[in-house]
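After this come two complexes, each holding subunit A, first together with subunit B and then together with subunit C.
Right after this comes the complex of A and B.
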């Protein structure tokens, strides 16, 4: 598996031109986009999940949110409006996990199997895959925001523009986390485990469903957990950006976590030293 | 470097290939059935998954995310080029704080707080815009605030416990409801003296004057009536029974209808001022709220008469009512116990006071959206913005 094509080895010594990088990157992004476009069920399910939260869960809890005005909001808001940024982060979390965990198959049997042995640097291949997954998640987010508009979740028009950089950052962070996790698991059947041990705890122990001051009143240890959860900061970054504001702390946390997860993933995917070498199972004998 | 997706000649073998040099034999890899399956699903077996046309179509599909940011950028430019609101000053009476807060309607923030008498409630701006008058009920007086110096400069002989008042269209006479002694006091604004006193029903509160200045309306909270008073003779011409505890009355700009809110009855009565008859009773229903929580108080009728905003008290909502069909179009979420409101003269914003959450919510009249809630003094009650022409 770690055997590279002889001519490619020659090439890597000479280095690649930017155009070659671009072609490779485009190939990976395009492949992800094709996969997304053809798996319509995945798109639909990616939309249905947050919509169930918005239409059903939020309707039931409408009256239960406290009456205090918290930033970035400037007036009283119904619960639907409150949970939307958290749901956007949830869309990205699911997508990041799905897209990155598809690496489990891709590296055994898919195109990544070829690409990972290509002379392109590993960080570049993994980053391209992340960018591709993030772009797909952003599509899902805007589709959800469009539907939410008809549910009277109407952030200012400028917000749809200012939220984009926040979405890119949080998408990368979740993708990188998924990438790191994908290096640890042998089979995609473990996705249920990821749901139970990663996605649900991250989503519920965060500011996505309830403001942190309410969590703080209920339980101080839980508040600390929520506060340490990178998902909280991704949700807050998106929440502020959606209203044209910037939360510097969230930005710093998301940037930091992205860098750490990404470095971890690149390290883990290093065939010589990484976790992938320790992992046993099909294709893991490299 | 070349990466491509290919289809085998047999039509069954999809491959990914990459090569580093043109002409070099590419390293290829067949796709697993798992990868191929979604490409072919929902298509007939004969259909080639990677036909050229198909690729083009998909490329077209995938372009829209790239165009989205540009569309959004265009929207942003449009939003910024919209006309900014003209700056007006809104005066808010704080019932418990014994102050008047001044809000800049451009910045949407409090710029000054003026100490006044005990329990200020009814508040209005004089026709010339030079002063704001505020009824300090527990001080049994109406105080005059200079809009330039923002200081109390004098007072009017109001009678006992003044609550609400209304100017005649010329701005020369002021009709004051005195809640505790069942009278309406008439004050001449030029001489600043009482020009008369009219005996009305028990607990008078809502006051308004018809646009032609000929009729004065007073609602009495306990008698549940709207009294039609002749402005010249000071005699009650007619009394119309409305829902329990009528709090506020307002004419449409053309004088064709009189709207009266009933706090306990939970209704708004639309009265024909010629026939002195209730022609429509509007009821409100906010999903998930008890009927008792819906207590209409403040009424604000847009200049064109097409939209009426009704403050629903402890329902924490302002109802938007169609002025022609009398249908409730929307409920806007505001702070706790919403009392009264006033439009900015350009009718861009409506400011409403939230008595229990100590803030003022700003409603975008065209968009029917609450855009901000501004903290003011304790228990805000009334709003006065420059006289509306």
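Right after this comes the complex of A and C.
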């Protein structure tokens, strides 16, 4: 085995050009997309979960739950139609948590280091990973919407376009949350706790399954919890966007939470703060 | 054991063994703790350009922590690191682009092909698609794995994975290559192959190498060595000089003297 040392590549020019940043970001997105395509079971399970809710849960509750005319809807709607935006948010929440799991796994196996040892700034690497995860989640969402269309969940055609910015924002928020959590999880085994203490409470204590006014009538404390839950605002942002409308409050909450979660994640992975170092050490035997 | 040897750090050569020469790596007064446990304590050493430097230490000596700090997985709590004159904390981009790393744990993405792993690494260093493909093809052919390019990484043997990782570490043309116990888990032939290959890179291409190991038989008399024990540098300099200064027969004996009393004191192989 012999190899010429390719020493010519490192040049004396300082910093990176915009094209190099784009190359790096594109490479991270490409790698995430490849991983997603290679893990077909992940794609299937990402679709099966919300479809079960749509086909079984929503069908069963259709007769017992009536949905009053509330914005953004302009007429009475079946329960299946109401529940879909929440399910879209759920897909993205699960995807964010999947990314979190993947990061913890990568950290334990060491492959996370290949990313972190890149000479590009850490914030850029993490942001690129976040964008990659968001794009993957949007693919899943549109696949779900295509299936749901055959189940007579038919938002206006323009809604498929207007919902895209909302999906980007909510995907970024859940991805940033996942990234933050990945920095806090000490071991892979602890991930089950995330399922119990993050995913399910976020989903159930939200407007995904029931309109907030109904929750308010049933329990004021629960209503307040739902109202404070970022998942509620992601679901509402998607709900309004799917019908070509904007809910400014939800937009503000989603933007704010994304900024906070992302800042937390970047801080946690910042070499200077060394949260990983404090929690995990370097790995290896030496 | 010579107690003076145990208490004092043994510097077989002056702390600057390459006066006037270019330094590949300069570690100055590095200290780092995990909670109450001190992993590194005032560690200082230098590695010259185009040299093969061995970082020798038992398991738990602090080698992996040192590697984590040099690769900027996290910053040291005290001290500084320069890579070809670039201070890692202040100029991380410039320092890291001159660095190639082979981690102790396998870091290939097993779900991706060998080729895709290389292109991903090239992207992480901002290499354009054309340049990346050209160089990936070349480095893969040179480690005799060109025919396996489209196979998933999980289908390779341990030795082949290591060769791909070395090729990947060199893809962006670093000047300093760090290898953290790269032969662990490999059979004798694969180990010898890896060691030979990296030494050849130093001799013929002028690559600087920092090779962490606890295996004495990977150390040659002409190497420079840094002996790390319990987070402290016990000795550094040319191996032959360390052996002479320790009054030992060989580096195994010197290493034993320098690390005597350590838990699990088996010294290399």
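Rule of thumb we're sticking to: the second predicted complex is superposed on the first by the 260 of 286 C-alpha atoms of A that agree within 3 Å, B and C clash if a C-alpha of one lies under 4 Å from a C-alpha of the other, contacts with A are read in each partner's own complex, and residues count from 1 in each chain.
We adopt the following convention: a contact is a pair of C-beta atoms (placed from the backbone, for glycine too) under 8 Å apart; a residue touches a chain by one contact, two chains touch by 3 or more.
Here the structure is a predicted model, which is why all the values come from computation and not from measurement.
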Inset, instruction - Determine, under the contact definition given at the top, whether A:35 touches first (subunit B), second (subunit C), both, or neither. - result: both
Inset, instruction - Identify the partner contact of A:158: answer first if only subunit B is touched, second if only subunit C is, both if each is, neither if none is. - result: first
Inset, instruction - Could you say whether A:15 touches subunit B, subunit C, both of them, or neither, answering first, second, both or neither? - result: second
Inset, instruction - In the overlay, answer first, second, both or neither for which of subunit B and subunit C A:105 touches. - result: first
Legend entry - Which of subunit B and subunit C A:121 touches, first, second, both or neither: second
Inset, instruction - Check whether A:138 is in contact with subunit B, with subunit C, with both or with neither, and answer first, second, both or neither. - result: first
Inset, instruction - Would you mind listing the overlap between the subunit B footprint and the subunit C footprint on subunit A? - result: 5, 7-8, 16, 19-20, 23-24, 26-27, 30-31, 34-35, 38-39, 109-111, 113-115, 118-119
Inset, instruction - Sort out for me which residues of subunit A touch subunit C in the complex. - result: 1-10, 14-17, 19-21, 23-24, 26-28, 30-31, 34-35, 38-39, 109-111, 113-121, 125, 271-272, 274, 276-278, 281-286
Legend entry - Contact footprint of subunit A on subunit C as seen in their complex: 32, 34-35, 39, 57, 59-68, 71-75, 77, 89, 92-99, 101, 103-109, 111-112, 116, 119-129, 135, 138-139, 142-144, 163, 166-167, 170-175, 180-181, 184, 193, 196-197, 200-201, 204-207, 212, 214
Legend entry - List of subunit B residues in touch with subunit A within their complex: 1-5, 16, 18, 20-21, 24, 27-29, 31-32, 34-35, 38-39, 41-42, 58, 61-62, 65, 68-69, 72-73, 75-76, 78-80, 288, 316, 333-336, 357, 359, 361-362, 369-373
Legend entry - In the complex, subunit A residues that touch subunit B: 5, 7-8, 11, 16, 19-20, 23-24, 26-27, 30-31, 33-35, 37-40, 62-63, 67, 69, 74-78, 105, 109-111, 113-115, 118-119, 135, 138-139, 142, 154, 156-158, 160-161, 164
